[in-house]
Every structure is written in C-alpha cells, then in structure tokens.
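Questions regarding the structure given below will be posed in turn.
Letters A, B, C and D name the chains as they come in the text, with residue numbers starting at 1 for each one.
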Amino acid sequence: MIITLKRATPQAEVDRLTDLFENQGLKVNLSFGEYYTIMGLVGDTTKIYEHDIEANEWVENVHRVQAPYKLANREFHPEDTIVYVGNTPIGAGQKLAIMAGPCSVESLEGICTIADEVKKAGANILRGGAYKPRTSPYSFQGLGYEGILDMVEARNRTGMPIVTEIMSEKHIDEFMENVDLVQIGARNMQNFDLLKAVGHLNKPILLKRGMSATIDEWIMSAEYIMAHGNPNVILCERGIRTFEKATRFTMDLAVIPIIKKKTHLPIIIDPSHATGSWELIEPVALAAVAAGADGLIIEVHDHPEQALSDGAQSLKPEKFAALVKNCKKVAEAVGRKI
Amino acid sequence: MIITLKRATPQAEVDRLTDLFENQGLKVNLSFGEYYTIMGLVGDTTKIYEHDIEANEWVENVHRVQAPYKLANREFHPEDTIVYVGNTPIGAGQKLAIMAGPCSVESLEGICTIADEVKKAGANILRGGAYKPRTSPYSFQGLGYEGILDMVEARNRTGMPIVTEIMSEKHIDEFMENVDLVQIGARNMQNFDLLKAVGHLNKPILLKRGMSATIDEWIMSAEYIMAHGNPNVILCERGIRTFEKATRFTMDLAVIPIIKKKTHLPIIIDPSHATGSWELIEPVALAAVAAGADGLIIEVHDHPEQALSDGAQSLKPEKFAALVKNCKKVAEAVGRKI
Amino acid sequence: MIITLKRATPQAEVDRLTDLFENQGLKVNLSFGEYYTIMGLVGDTTKIYEHDIEANEWVENVHRVQAPYKLANREFHPEDTIVYVGNTPIGAGQKLAIMAGPCSVESLEGICTIADEVKKAGANILRGGAYKPRTSPYSFQGLGYEGILDMVEARNRTGMPIVTEIMSEKHIDEFMENVDLVQIGARNMQNFDLLKAVGHLNKPILLKRGMSATIDEWIMSAEYIMAHGNPNVILCERGIRTFEKATRFTMDLAVIPIIKKKTHLPIIIDPSHATGSWELIEPVALAAVAAGADGLIIEVHDHPEQALSDGAQSLKPEKFAALVKNCKKVAEAVGRKI
Amino acid sequence: MIITLKRATPQAEVDRLTDLFENQGLKVNLSFGEYYTIMGLVGDTTKIYEHDIEANEWVENVHRVQAPYKLANREFHPEDTIVYVGNTPIGAGQKLAIMAGPCSVESLEGICTIADEVKKAGANILRGGAYKPRTSPYSFQGLGYEGILDMVEARNRTGMPIVTEIMSEKHIDEFMENVDLVQIGARNMQNFDLLKAVGHLNKPILLKRGMSATIDEWIMSAEYIMAHGNPNVILCERGIRTFEKATRFTMDLAVIPIIKKKTHLPIIIDPSHATGSWELIEPVALAAVAAGADGLIIEVHDHPEQALSDGAQSLKPEKFAALVKNCKKVAEAVGRKI
C-alpha cells in the first residue's frame, strides 16, 4: 500500500503513522520528495481499508498495490480450483457446466418436463427458482419450499444436480438438506449476513455479481464466504448496469480472463439475465465460451410466453439444444469440451 | 400499459391476449395501424410486469403508463405523509430532520460524547452503526447488540431518538425493542425478505437508495414495506454509482423534486456516503436543503482520523455546527426551518 | 409513435395536436381511457423528436415505436450491406476483416516493419494513427500528414488498404486522396459537421461508437453520413464507459446481434481500446468472432514498451499471429472464415 | 508519479527506467519491498501518460500523484480567475452570471422578444443556439450564421452580451467578429482540433463537460485551450450519463467544490440540459447556487410547446423570473449576489 502525505506533514505525524503501521506488523519504506512524502507499506495489508486512512488530514491519497483478498487470490493459490456440484467437477479446464431450467419452478409437472428436455439437450445441472427476488411485491414470489421439493423430484428423475437461489438465512436448513449448489443472487451479493451463513455450509456456492459491483467487490464477497469456512465458490457474471438500455444489463465478458488472473475460482456466465432477450442468448453464450468461461447458466421454458417470470429471456428447449450444439463447436475451437 | 404488437400478429392471438387481460379486470383498447397493432390496457396494471409480456413473440414492445406502485403513489395519496421518529415529525414542510453521529458506535463513552456534541450543534436525531456492512470480512464489523445498547444510553442522556441499520431479520427483536428509526442500507435495498420483515414492524423505516437502483425500483422497495403493513417510510438518497471516481458516488439531487412528485413520502439526503470526503459534505448539504430535502443524515466524529470506519467522510463537531448554521440560512431562503 | 395525454387534456388540445400531426402526413389513432388519452401516430415519424413533444404540458409521455432512422434501418433494407475497402469486401458473411497496426505511425521505417509483420500474421487491412486525439495537450499528437504518407508507402509495399482517423474537416482532401477507409473516432461520433463532411466523401467510413453513446445514437450518427450521400459505413464497437475500472472501457458484445437486427451495416470490434490491456485482447477478440463480428481492429507494435501511445494495449507481432490463428478456429466453428 | 514494478524485475530494467526518467528531468526515488519495487518520480510529470508506462511488462501499475494539468491547476495559480464576458465579470465571488434564452434562435423577432423578457427577469447574458448539434439529421439544425446575426441584433437592443455554440473551426471568423462568449458543447469537449482553434481566439470560452467525461478529462480539455494561448475558460456542468432515466442526465453538483479545489476557473451550471424537464430546473438551480456555482445557464422560451428544439426543458419567462427571485435569496444565504 502506498500512502502519499502532503508536503507540509509534520515529522511527528510521519513518525506516529510509521509506528502505527509497524505495530500492525508491516514494514514502512519512506521516501521524501519535493512535493510529497511517500510511505510504502509492505506486508499483509488486507486489514487496512484505504478509505479509512484518507481520513487523516495529512494524507493526499492512498493507493493499494496488493489485492485486499487472500483466500481467493491466485497469487497465494496458483492452481485452478475445481468445485464439485454433486459429482460434476467445474473449473480448471474440466468439461463446461451447462446449467439450464426455468426462471421459476411453477409446478412439479412443469419442472420435470423441462428437466427432461434440458438434459436431453445437453445440460448437466438443473436450475430453477423457488424463492424469487421480484422488484414488485405484487409479482409472483415463487413456490418457496414446495419449489425446492419439486426440484428434488426432478433431480431424482434425471440424475442432474440442482441449483436454486437462497434469499434468507432462515431457509438455510432447507438448502443444506436438499440443494446441490446454493445460489446467492445479484441483489444479495453484499448481504453480508447471508454470505457469512453460507460460509458455514458444506455446499458449493454460486455467487452472482451484483449489478453494480466492481470486480474487486465481487471477489471480496467470495472472500467473505471463504473466510467463514467454505472454499467452494463459483463466480457468475450476469451483466452490469450501464446507461445502455437496448439490453437489460451490459454483459462484461472481459471479466472471464480478469477473474482467472486474479483468482483461482471457476467462473460461469448467465446470458439470460444479462441480455433480457432470448434472441441475444446464443451469440452471447458463444462469446462467453470463446472467452474461456467454465460454464453457462441459461433459462429454458417450454412455453416462455406463459412463464410466471422472465419468459422474455427464456429459450425454448429446441433453441437451447441448438445453442448447446453450437457452443460445443466453439468450445472445441478453444480447446475445451462440453 | 401500452402493448405494441407486430404487424403480422394473427387475429386469434390478439383475441387471446384481449381475453387474458380482460379476465384480470382490465379494459382493452385496440388500435390497428399500418405497421403495428396497439393494445391500451386500462385499470390496475400493478400486477403486470412489462418484461413478462415481452416474452410473447408477437409483442414488439411494452410501455408502462401508470406507475407500478400504489401505496407510495402520490396520485392516490395527494397529501404529504409525515413520519414520526419518536416525537420528531419528518416531511410535509416540517422542520428539517438533522440526523448526525458516528459511522460506527465504537464505545459507550465515545457515542455519548459525540451525542452531546451533535445535539449542541443542532442535530435532533442520533445516528450510529452497530451492525456494519463492510466490503471486507477483515474490517471491523461493528459492536452489534452492544452498540445498540450504547445508542440507547446516548438517547437516555440526550433525549434524541436513534437511527441505526438492520442487516438481518434475526435481529428484528433487538430493533423493535430499542431503536426509533430502523435503517435499511443501500446494499439491502432489494433484500426482499428483510423488507417484508420490517414491513411488519411498528417502527418507521429509513430506506436508503441502492447504489444502482433506479428511482422506480427504490419506490418499489418502499412499496414492499408498505404492502406488508408499515406505511412509515422515509427515503434517503446516498449517491449512485457512475463512471466518475472523484467522489465515491455521484449525488443525484434531482431525485428530491422527482420523489416529491411521484410519492408522498419524506426524503432526506446523506452527503457523507455520497461524496466520501468531508470537504464536500457542506456544499452538498446546502444544495440538498435548497432543493427541498426534508432532512440530512451526516457522519460526525470527534477524531475522524482514528475512527474505526469512514473517518474520511466524517465531520468534526465544530465543522458540523458550522454546517447546521449555514443550512439554517439556506432553509430559510427556501421557506423551511431547521 | 405513441403519445399519452393527461386525463384532463381539453378536447380542443387533442384536436389541435391531431391536426398538427395529420398536416405532417401522419395518421392519428385516438383511444380514450379512464386515466389517459392515447394518440397513436402512424407513418414516417423520423422527423419528430419525442423530447420536443414532451414540452406540451398536457403530454404525460411519448414513446417511439418505429426507429428514428431510415437509411440504416434493416426494416427498409433487409439485405446485409457489403462495404468494400479497397478490394476487400466487409460484411454479409464475407471473410472477416482483420485490421492491425500501431496506435500511432511513428516513422516510415516503423510502420513498414509492422505492416510486413501484421500482413504475415494474417491481417488484410493496415491501421495506423496519423492525427491522434490525446487527452493531454502535452502528449504526442501524431505525425499528421507525414504519417498518412508513411501509411501510403506501407500500402504500396504490402498491398494492404489503409485505415486512419480523421479529426477535422480541414484534412478532408488528404484523406480523399490517400486513405482507403476513413475512421471517425469515438470522441467525434457526434461531431456532426465532421459526419456531414465525410457524408460527401466517396470513401467507406469506419464509425466508432462514442464511449457513452446509446446504440440508437450511434446508428443515428451513421444515418447522418448516409443521409449526406455516403452509404458505405462500417460500425465499430470499442467499449463503453461504466463504473468498472479493471478495464479502460467495458466491451459490450451484445451489440453485435443487436446491430445486425436493427441495421444492415457491417460491424467490427476493437478489443484493444475496449480493454486497454494486451493480456485481455485475445479472449475478447475470440468472443467477438464467436458472437458474429464482421471483423476486428487490433493494435500491434513490435516494441510496445517504447510506443509513443497506447503501448499497454498493443500486441507484439507474434502474439497477434497466435490470435489470428485462434480466431480462425473460432470463426470456422461459427461458420465464418478469416 | 508512483510506479510499482513486479518483484522479479531485473536490476538492469530498473536502471534503464531510472535513466529514462532522469533524462526527462525527473528525480527518481527507489524503494525495494518484499513483493514490489516502488519508483517515485518527482518533478514535472505532465508529459508522462500513465497508460503508456503500463505497456512495460515489468510494471504492475502506475499511480499519478500530481494532476496532469498545469495552467488550470490551482496549486500553481492559487487565486480565483475572473473571466470577463463583455463587461460582465464571472467567478471569484462576483455577482452570479445568469445566462438565459432559447435553445435555438428561431427568428429575429423571437429572439428579441425573449431577450427583453429574460433581461427584465434578471438575466445578464443572452444565450441562443445558431448552429445546433442534433442527434438526428432530420431535426432542425439551427439558423446558422443568420441566427448569430439575430443574436447580435438582440444584443444591440438589450445590451446583454451573447453566448452561442461553435460546432466547427470553419465558422471561427463569424464567432470572432460577433460573439461574446464562445460555447464548446458537451459533444465536442474532446474535439481537440476545435479546442486548439478556440485556444487561439481572443474571446472567453464556455466549456461544457462531456456527458461521460471525468472531471480530470474535462479540466484537460480546458488545459488544451489554455495551452494554445487562451486563459479565459469558464467550465459548465450539464449533467452526466448514468443508468438513471428519470432525468435526461444526472446532475453532479459535487463538481462545484471539486472544480474550485482543483482549478482557479469559474464554474457555472446548466440545469436545463441536465434534467431535461422544466419542472426540475428551479430546484436544481437553487441547489447549484447553494453549492457555490458562479452562474447558471437556463433555457427560456415564451412558447415552449412550439419551440423547434428542447421545449420540454425550457421555462416560460414568468417561471424564469420566479426562479431568479428565489435564487437571489439562496445566493444571499450563502454570501453571494445575483
């Protein structure tokens, strides 16, 4: 960490700060310039928050050199991490994870039909929402626990592990007992109590990026889960909020190589939520595979126009099957498999 | 709501959609153009989500005319709402609420000292964080329940009602028993389970805007609280995330007249979090008062450089006193009082 | 276009507006609801600007149904347009255009060396900046006309057509005489006098997206060029400005299928400027090819660390050769050729 | 400037870089840490562009300490600059500049009528567009030179100096001869050839902020004008582009104190373009005055609903008169005058 002090900073203050940081186990390198004094802190600076130091009236600015995360940091863990969802390995060059299913579980029969179809089309993990975060209190809020039990039935039938979103700590037992991959949604990416709670779970976590979270904030949320004991985190990009309104969100695919450089965790891509439009899902999915994604999560519904939520961004099963087929070709072109 | 259907839409589909909406109690006006058929839906469209209708392959686009909220909507509730925090009325042209105190409660002695100082300087509500949302798991996480009890002591001593942030439903009893104004932070603005939980509380709620929430999404979160039984919501703008990095967030002061047009709820402004820099707090606070804000919430610390969080955006008590004095003059210039 | 009038709008005003629009050759469909009166305008609405109509105090809002562009609009020109740069056809499923070269032309020798190398590696168009838009007046501003003449030399030597940026109408003769593809940079996307000027040129134009331009604004800038007589426009996405700072800009690849749906023009991608980092160029380029781009424009420099501009986002020739090879595989996987 | 080198950087490379910078007249302080080597550059670093240095493969990152501008920099010019428009002084605590008039000059009679009205209401500078930047080639493009001559007539009649936008270097003589304050619009903020051209003018320049320009980029554009010989620059904030669509742009009022800290130039605010809605102009104008703006520029039209452009964001003269009256009170409350 590099701290720039104003030219007029009294020597006593420089000494006080030096002591302060040395007492935290850091080494302090000082360099005195004409306009500024520079303090370079060497050691574990993860407990120091730049913004707090800026409170000091002598500090001109603070600049972090090392990343504020440790457990997620590739520098301290150079090997790719493989996360197992049921028996399916994700990350580290393994076959791509293809998660598919409806936005919301609407009925036992409905989820089972779609599960059969997405499996046939090439999916290896079943998605489906039971607890649904909806902008309006008047919208369908999901089937809740019943939806999870329906997912379990669909898993029994197809053998695919299941992924669904947790919205509250109070449901943690339901998820522990029934779910293979526990999703933290974009809106809860900084719900720190929920992050701590799933940090104690013995289940892999799918952590979606918040719609306006920086990449570092996103990794810090993974770090929360890991610091509380759960190393099995899969990151999922789902689009960020920008001024452009032709898509619901803007898909930021450069995150794939960036996440791979900064962390050792798997990263998958959600083209359904990013684009909000079924017509855009396939080109964006192909792009994600080409850029090195470890998997995809895609909304599929057999009657999108009757879906209780997100029909506009759901693919029909036959379109999804075509997508998987085309993604396979691109995956092979970049040395991966589906 | 206006639905534009593609030119080739079969009559049978037009009829099917018409029936569908009429069965939901809406009137449907049809108008056939050369390129498009337009359906105008008249009635209560709050249960219809535009994006769901776009799933229909014949739909070109959907355009909402009436706001998706009812309880918060000024159209159905023309009078300004006054929310009482303890005995302090907020909104509807009442004296401005001046909430002040440290980012985090750090000790009983500390909070009592600051409470005395901000009261003397003109604050009428005491703020202080007990449960703290921190980006890093390695940062100070707040004193928790002990911090709330310290706030209660400071209230006993000064008579000022207290506001503090709730981060999890599991603490709801602590807040019910001890806190006068329950804050939902920006990161939890769409933590819908938490919104529902505080919707059942018999306490006023301070709802901060999410850092990338549209104004309508923010109002919809207020609607969640109100739809679950709690009409006492105060909105708080705290800056939105943009490309500009000279401030931590960009303060959007046009929201003040917009919120007053769209809703009947009070709105206050948080210049500390918006700017992230103590030097900018006063000019932004003056601007907020001039634009018609119903109050301010400001971080004050007697030793910002030693604060355990957010020192950079905290004012020293004497600077805060000057701010209140200057805000008073601006308030009077626009016909308000502090 | 759909205009929503407030419930209290006097009949005389409805009549006045109806006359106004009918006099512009439009048909007006009226539909009277309980809360609102809806006017649907049918016909050529490209001359009507929504925002102007909103000035009417009786207008609640205005909603455009048809796109505001005609010449660029696929609806009126369903076939893909092929733009020829020299003899190289771009768009409509043709071989991908691979434009490569240094950010700035630095010397005749330098551009010739790089030209040889990028040609060998698979480029078919040579890029190089002569007039350079630099944020700082103290930065290298390009060699100007001399740089263009150096490009011409490199073209003579390699046979590759050349693309370079025009920054001012006063250079239009130099470009007419020497350049094969005239680039309008992101910062000049709404320099309307320059757009009009190149609209009179008998040369193809490479129109970069402004860093905060919506897709519709970008197409409208193409429409400017086309409306002044030049139909040969190639669009180029180069990243948009968002809150995320891990990359210089955020690459929005969903624009590829969107542009193809809305317009009939070719679209190419610039991963160098979008990411600002050479390590990210290849994954983003692969993604662009997978998503259906008609070409790429990439910065290549034989000594990036000594480049006078943009070295950080330049590939070394051997890395560029590897990129082309890998892009070829992805192109084939999606049925295209390089 | 602080350059962080990777731990494995060879000593020879450290030496090479040190020489390189010392040859540019800089002092280099080196500090060797466990993970990184830090180079601190002391001296005039305005000619060094961070991004160029990042091209070096051994460089981890580069961090600028001193601002990249000199002439606009308050550090080297501590006194506020007063810019004279005609005889009207702007900045440095002078009376606020109130610029008002129509978006576009539509006729001689029209501009004269509005000029009389805004003068009566308290304006001291007349605005009006002659050359108009319009998103669509099919929209009214302004009266051009005739519009400027109409403005001159209105100046003769009222005595108010005039401000209007220049869009192309080719009109520079018209502006030199006729215009008192030459406006560079938001879309041309980085039209560097135009900046250089007005840098040679002996006229004050009103430089609007680009809709996605950072504060530093904006100041650098002022620096372009100043570096080419013209020190008389007034900055004008007109809203930035964000995800929020309730207003056309988001007004960033924190720029007022930031610009005053970073530069010595006057800054005025344009609430018309920022909000895009006449109802929001007054509250935002009051806020700007409270935050310390040196002036306002506001669109006024006597028949907004018939304006050829921007009627929605124009005030009627009587509403403008009320605004000036209310701004006066706020100005006095913060120690300024109108």
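Heads up, the rule we're going with is that a contact is a pair of C-beta atoms (placed from the backbone, for glycine too) under 8 Å apart; a residue touches a chain by one contact, two chains touch by 3 or more.
Note that the structure is predicted; figures quoted are calculated from it, not measured.
Counting C-beta pairs in contact across A-B and across B-C gives the higher total for A-B.
The chain with its Cα centroid farthest from the Cα centroid of subunit A is D. Our note on geometry: subunit B versus subunit D, Cα centroid distance of 32 Å, whole angstroms. Centre-to-centre separation of subunit A and subunit B, using mean CA positions: 26 Å.
Look at where the CA atoms of subunit B average out and do the same for subunit C: the two points lie 39 Å apart.
Within subunit B, the positions touching two or more other chains are listed as 212, 241-243, 245.
Those residues of subunit D that touch subunit C in the complex are listed here as 46-47, 49, 51-52, 54-57, 68-69, 133-139, 167-170, 187-188, 190-194, 211-212, 217, 220, 223-224, 227-228, 241, 248, 276-278, 304-305, 307-314. Of all residues in subunit D, those touching subunit A in their complex are 2, 4, 27, 29-36, 38, 40, 42-43, 60-61, 63, 65-66, 241-243, 245.
Across the interface of their complex, subunit D is touched by residues 212, 214-216, 240, 242-247, 250-258, 261, 274-275, 279-280, 283-284, 286-292, 326, 329-330, 332-334 of subunit B.
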